[in-house]
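Labels A, B, C, D, E and F are assigned to the chains in the order they are written; within every chain, residues are numbered from 1.
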Amino acid sequence: MARKDDVTLFREDGTRLDGRRPDEMRPIKMEVGVLDNADGSALVEFGRTKVLAAVYGPREPVQKYIVIPDKAVLRVRYHMAPFSTSERKSPAPSRREVELSKVIREALEPVVLTDQFPRTAIDIFIEVLQADGGTRTTGLTAASLALADAGIPMRALVGGVAVGKIQGRLVLDIDEVEDNYAEADMPVGAAPDIGLITLFQINGVMTREEVMKGLDMALEAINRIVEMEKEVLKSKYMKVEV
Amino acid sequence: MSMTPFRVPVVPTLKKEAFISLYRKGMRIDDRDLFTPRKIEIETGVIEKAEGSALVKLGNTKVLAGVKIEVGTPFKDTPNQGVLTVHAEFVPLASPVFEPGPPDENAIELARVIDRSLREVGAVDLESLVIREGEKVWIVWVDLYVIDHDGNLFDASMLAAMAALRTAKLPDYEEYETGEIEVLKDKSQGPLKINHTVVTVTTAKVGDYIIVDPTLDEETIADSRMVVAIDEQGRIAGLQKTGEAGYTREEIQKVFNISQGAAKVYFKSLEEALARKG
Amino acid sequence: MARKDDVTLFREDGTRLDGRRPDEMRPIKMEVGVLDNADGSALVEFGRTKVLAAVYGPREPVQKYIVIPDKAVLRVRYHMAPFSTSERKSPAPSRREVELSKVIREALEPVVLTDQFPRTAIDIFIEVLQADGGTRTTGLTAASLALADAGIPMRALVGGVAVGKIQGRLVLDIDEVEDNYAEADMPVGAAPDIGLITLFQINGVMTREEVMKGLDMALEAINRIVEMEKEVLKSKYMKVEV
Amino acid sequence: MSMTPFRVPVVPTLKKEAFISLYRKGMRIDDRDLFTPRKIEIETGVIEKAEGSALVKLGNTKVLAGVKIEVGTPFKDTPNQGVLTVHAEFVPLASPVFEPGPPDENAIELARVIDRSLREVGAVDLESLVIREGEKVWIVWVDLYVIDHDGNLFDASMLAAMAALRTAKLPDYEEYETGEIEVLKDKSQGPLKINHTVVTVTTAKVGDYIIVDPTLDEETIADSRMVVAIDEQGRIAGLQKTGEAGYTREEIQKVFNISQGAAKVYFKSLEEALARKG
Amino acid sequence: MARKDDVTLFREDGTRLDGRRPDEMRPIKMEVGVLDNADGSALVEFGRTKVLAAVYGPREPVQKYIVIPDKAVLRVRYHMAPFSTSERKSPAPSRREVELSKVIREALEPVVLTDQFPRTAIDIFIEVLQADGGTRTTGLTAASLALADAGIPMRALVGGVAVGKIQGRLVLDIDEVEDNYAEADMPVGAAPDIGLITLFQINGVMTREEVMKGLDMALEAINRIVEMEKEVLKSKYMKVEV
Amino acid sequence: MSMTPFRVPVVPTLKKEAFISLYRKGMRIDDRDLFTPRKIEIETGVIEKAEGSALVKLGNTKVLAGVKIEVGTPFKDTPNQGVLTVHAEFVPLASPVFEPGPPDENAIELARVIDRSLREVGAVDLESLVIREGEKVWIVWVDLYVIDHDGNLFDASMLAAMAALRTAKLPDYEEYETGEIEVLKDKSQGPLKINHTVVTVTTAKVGDYIIVDPTLDEETIADSRMVVAIDEQGRIAGLQKTGEAGYTREEIQKVFNISQGAAKVYFKSLEEALARKG
């Protein structure tokens, strides 16, 4: 919330405090199949942000009344581990977690082929293990990988990244420190292969031009993120084949 | 856990086709064109005991907003600011599908989107709400009460919130030697200081069409919705994609065009209502 | 709770602080059909007390196990809006609201012809929009109108009003300030056309004679309230006919 | 949300007719006349660690009341008074139909009726419970524990509450220079000061009959019940109509006649039990 | 939690503060059939610790989905009355009560012949009326009696008692004061007639030799407790016969 | 209310017989003997933002422990001690049978057994956690996060808790004239002071056999389990029988023999991992 104007988030050479250029992402790590029980799982890191996702299903839900006759129900839980944040987070779901569970579910609905599994549930559990900015977009990326790892048919893979507006400048993949001083934060999720933006929020004030420019920065980055997803999935698949 | 909501599978498909064939002609079932909001009625001061209040009717949708202002403690990291809290309830009298109980994901999302937009434009002058720095500040509660749901709860709620805040009065108080603060409910220090005004414009995507201010019938058959907050200067002051479909880049451009147009209608209605009042 | 004896709630001429005679009600407003979605609705005001009621049903309840084989289940929720009271009320239902939901339901049970709709639910939602004394009786009156507006068959209309004992004197339709200093508060609900008292509570100490005198004051007022209900319903009905 | 409770539709009708034909002769299934409560046993001091306690048996109904007295903060609007709080639990061992969980509407109603009656007659001398005005007062918790439910929980609970309060001891305390209060659980300042005694009398309306102290069987077939709180002077100190039927004005007169009679029986039992004790 | 070494819990003659020898139990009282509605019930006192237990069943559970096809479900609730403790206990179930409900259920599972009543529930409600140490073992003893009183077929009766280690010495049936200063607390439940230990916990540090010695003290005491249970059940049975 | 858990009745019986016939030969399905735990991997410092953290893999079971250290108020009866709090969550990604929601009886039991064992051996030096006696102390939160459940959550959780605590750093702080404490998250006073180390050893009883470190498959067919906490000196520092069967005195002796052996394996793995770390 604090927006002190006396804090400088850019160095003299225009790079950010951690040395990144404005359009540079943090180092990304992706790993799939990290859990044994889940049907699919993935661990994704954007810098210090670490998110684990697991998929169970399609399966018959315990509460049978929730099924839908002509497609699978997607159930998504975005949850933060108590030790993921600077101050310990109470494990009870916060209003923020309720909202983000919905936002991420709605970012996955357009790509999961739920009509192939009527009367079932596909459960996606996202656990933020360390929060350092961009947890929802990192979570969406992890969920995409976990769904693919579980063999759930998808129209396309999705990835996500947040763009920030800091001291008037647009920067890609903002971390927590930057977010604390940002004028605006714009998380974007997209499925580049089908040209759809599936997660889109803005928190802050931007001109329309800034929004479109930031959106393009995000979409370009998401292209790269989804390519990484494909690489990771391919290499896992190849390993299995050997 | 967020869950895909249930929709009857057959009927909406037929209805959707019927609606789309109207949209193709630039028409809607209620005789509007695609880019015009429904009739807006804004009445303020409807709850005399609240510090501010407004009833907004957007077509048949009705939302009541009440502002209560109380003494409380500031957040640790903002000792020199008051606190703004937005809460929404979808009470069961508003719709046959609302159930009694704590707010569900839709009510929480609505409250948080309204809250963020108000906060980001700096609608309420939080610095003016300090009684004793770091110790006692005014807490401004905005309670959104949906009482009749016929679609587009976001825009009606934001108008109600804004109208209630713009007409709210800050209570007076007395400070005792012990440092205790007694609120004088019947006396006012004057109006709550508002620095900026913001509205949201909700559009629905139905097939290839983007329509503004969807009714409940239209929401039921819509693929997705976009809520765009817009400030007095026409800037984007918040945004939320809500719903199960995605958008192309071009559709988003179209959404902004339509939203910036409709925002003017909302601003006009709001300012007229407040001018009448004041 | 405060009962300061140095506060005077009567003027020299025997009228009350707001100018009413002891047996005078506050101005009453009634409106029906105020909501579009509900099957029936009403807004009732007693002075500054404003209560909205809506009725849905008879309908099949979501939780099917609650139905009763030979009649409809009445479900009543009395709830206060957070902005209805001097200090903001938490939206979670208080113990008081739980009790009053029961008391109002039991005041409606004798008049609703529930046996005409076995295995269904009739839902009555009462929202106190502004609380200035007498909310439960105003709510009962609003519920009666909303039920009639919904076309639910009833043995008779009901209405309600509270009598107070203030500084030894009985007064009709006490408001919040009076209630704060009252020795006793006696809410009464009745269906005059069938001669039944259906809501009856006393909070405070009264002699038996005072109770009966107060009860008669209330019943006489409820006669007038129910006549008003009939007028309002008739005029709505006539409007529809035009 | 309050909901019409389920009752088996057929059996009670037959039972009700059988009961009414007995009432017609002035008799009841358990050999009582219509206006006499069941056998009352009151035992106090049953929980030594509580500041006061009582077990009341009213026929087969058994209610345990425990009084705990702790240091706490007064309400803002009554800085010079202690606090009285009544809480009731219908624990599942008392009846096959009680479920574990937070108090339902019946338990809440019972606690609130008992609480109001005690409060309105000024049973507990709250002014005597101030340790430091506006800061530290004694909080008196009355916990009602229904352990066997055979009807008329109100009257048994009120007798138990009253017997526990009348025999309760106020703990002693030590005040440190820091202002902190340590309660000396093993020492007492003497009895809790009680100014007034109150009982409730529950009658049931079954057809045209008003009967006092209904058993569970009678409650099941009753049309409605009236709980009348009565103080030592015979005044009405609270009242609650509970149940699904209405009353005529004449029936209410009759209820008062019967209740004022039965109140004397309750007072007598209570005073005898307390005299035996003290 | 406090473990002040300057407190003495033994007198010069080696007896405890209340005069008991190290291997001496507090006075025990047992009564069965104390409640009318329950199918079986018992009140058991170990010194000032008083616990009431009631059994309902075998019966059809309200939530039908919990049944098990080939045996009865045991449901156990250990609960403390708000007035049972020095400081009033909030009536909401604490984490401790959740754990002890499980521990007591698992101490009863080996002795109740649940396979005789498939698809039913046997409900055991344990209410601690006064807590002065040893409530879980007193509760287990009361539950055993209540089950027998309800006529539920059992392999054997169970009883329980806690052993404590205080200032290096093992003592039987510790009370609350002793527990507050104990180095270790070891509750034991057993069914002597079938030679099984069915409840066993240690809270504190003990050598293995101390554990075995303490276990033997407990088992010897439980023998006597179960004999008392039999006496009480027999005398009730005989009374019924008269 | 604790309830007998549901187990499929037929399949486990066959599996149980198959397992027992292996045990008879001293073998297990995963090629272990009866008394050897699975492969143990311990990685510390996995969550940089936590004051301490560890990921433990015990076979396919994975538990993550995070230690957060914050400023808070001491308990009234221990004004000169910090506070240790253990909390466990069985998050739904760990197993197809875990449901979202507050901790169930199994998660609560696990957290309480770990908590008691740490507390009873005096693992954390609570006296060193006082900032201002009676007013401000450090609260040490140990959060156990089960992320993959293949049996024996107790032992994996305890190893994770211990490794996280042993590598945890105590944050530095600044004290203002107002008496307020600001935690300097990025600076550390040095390691959290740990006085003792403890492990738990879980054995399962299957028929006549006692096996150490059961897999989930083995837990499903086990009659009961015993969790024995053991300190560096081999003393018993806590114990919990968990599960539906009873034990003979002889079986308990056998459990102790096996547990004291396996404890050495756990201690060795833990100390090696911590030594590697630094």
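What we mean here is this: a contact is a pair of C-beta atoms (placed from the backbone, for glycine too) under 8 Å apart; a residue touches a chain by one contact, two chains touch by 3 or more.
What you see is a predicted model; the values in this text were computed from it and never measured.
Peer 1: If we look at subunit B and subunit C, which chains touch each of them?
Peer 2: Touches both subunit B and subunit C: nothing.
Peer 1: Would you identify the chain whose Cα-based centre sits farthest away from the centre of subunit C?
Peer 2: Of all the other chains, the one whose centre lies farthest from subunit C is F.
Peer 1: By the contact definition above, name the pair with the higher C-beta contact count: A-B or A-F.
Peer 2: Spelling it out, more C-beta pairs touch across A-B than across the other pair.
Peer 1: From the C-alpha centre of subunit A to that of subunit D, how far is it in Å?
Peer 2: 57
Peer 1: For subunit B and subunit D, what's the span in angstrom between their mean Cα positions?
Peer 2: 48
Peer 1: Where the centres are mean C-alpha positions, what is the separation of subunit C from subunit D, in Å?
Peer 2: Here the centre of subunit D sits 27 Å away from the centre of subunit C.
Peer 1: Taking each residue of subunit B in turn, which ones touch at least two of the other chains?
Peer 2: 1, 100, in rising order.
Peer 1: Where does subunit C touch two or more other chains at once, residue-wise?
Peer 2: In subunit C, 77 touch at least two other chains.
Peer 1: If you start at subunit B and step next to subunit C, which chains follow, in turn, all the way round the ring?
Peer 2: Order round the ring from subunit B, first step to subunit C: B, C, D, E, F, A.
Peer 1: Any idea which subunit F residues touch subunit A in the complex?
Peer 2: Per the touch definition, subunit F meets subunit A at residues 47-50, 53, 60, 62, 64, 66-68, 70, 87, 89, 91-96, 99-100, 102, 141, 143, 145, 147-150, 185.
Peer 1: Where on subunit D does subunit C make contact in their complex?
Peer 2: 1-4, 6, 9, 75, 77-78, 105-106, 108-109, 111-112, 116, 120-121, 224, 226, 229, 231, 235-249, 252-253, 256, 260
Peer 1: Within their complex, state which residues of subunit E touch subunit D.
Peer 2: 35-38, 41, 48, 50, 52-54, 56, 59, 62, 77, 79, 81-88, 91-92, 123, 125, 127, 129-132
Peer 1: For a test of understanding, state which residues of subunit A touch subunit B in their complex under the given definition.
Peer 2: So the residues of subunit A touching subunit B come out as 1-2, 66, 68-77, 95-96, 98-99, 101-107, 109-110, 114, 123, 184, 186, 190-191, 194-208, 211-212, 215, 219.
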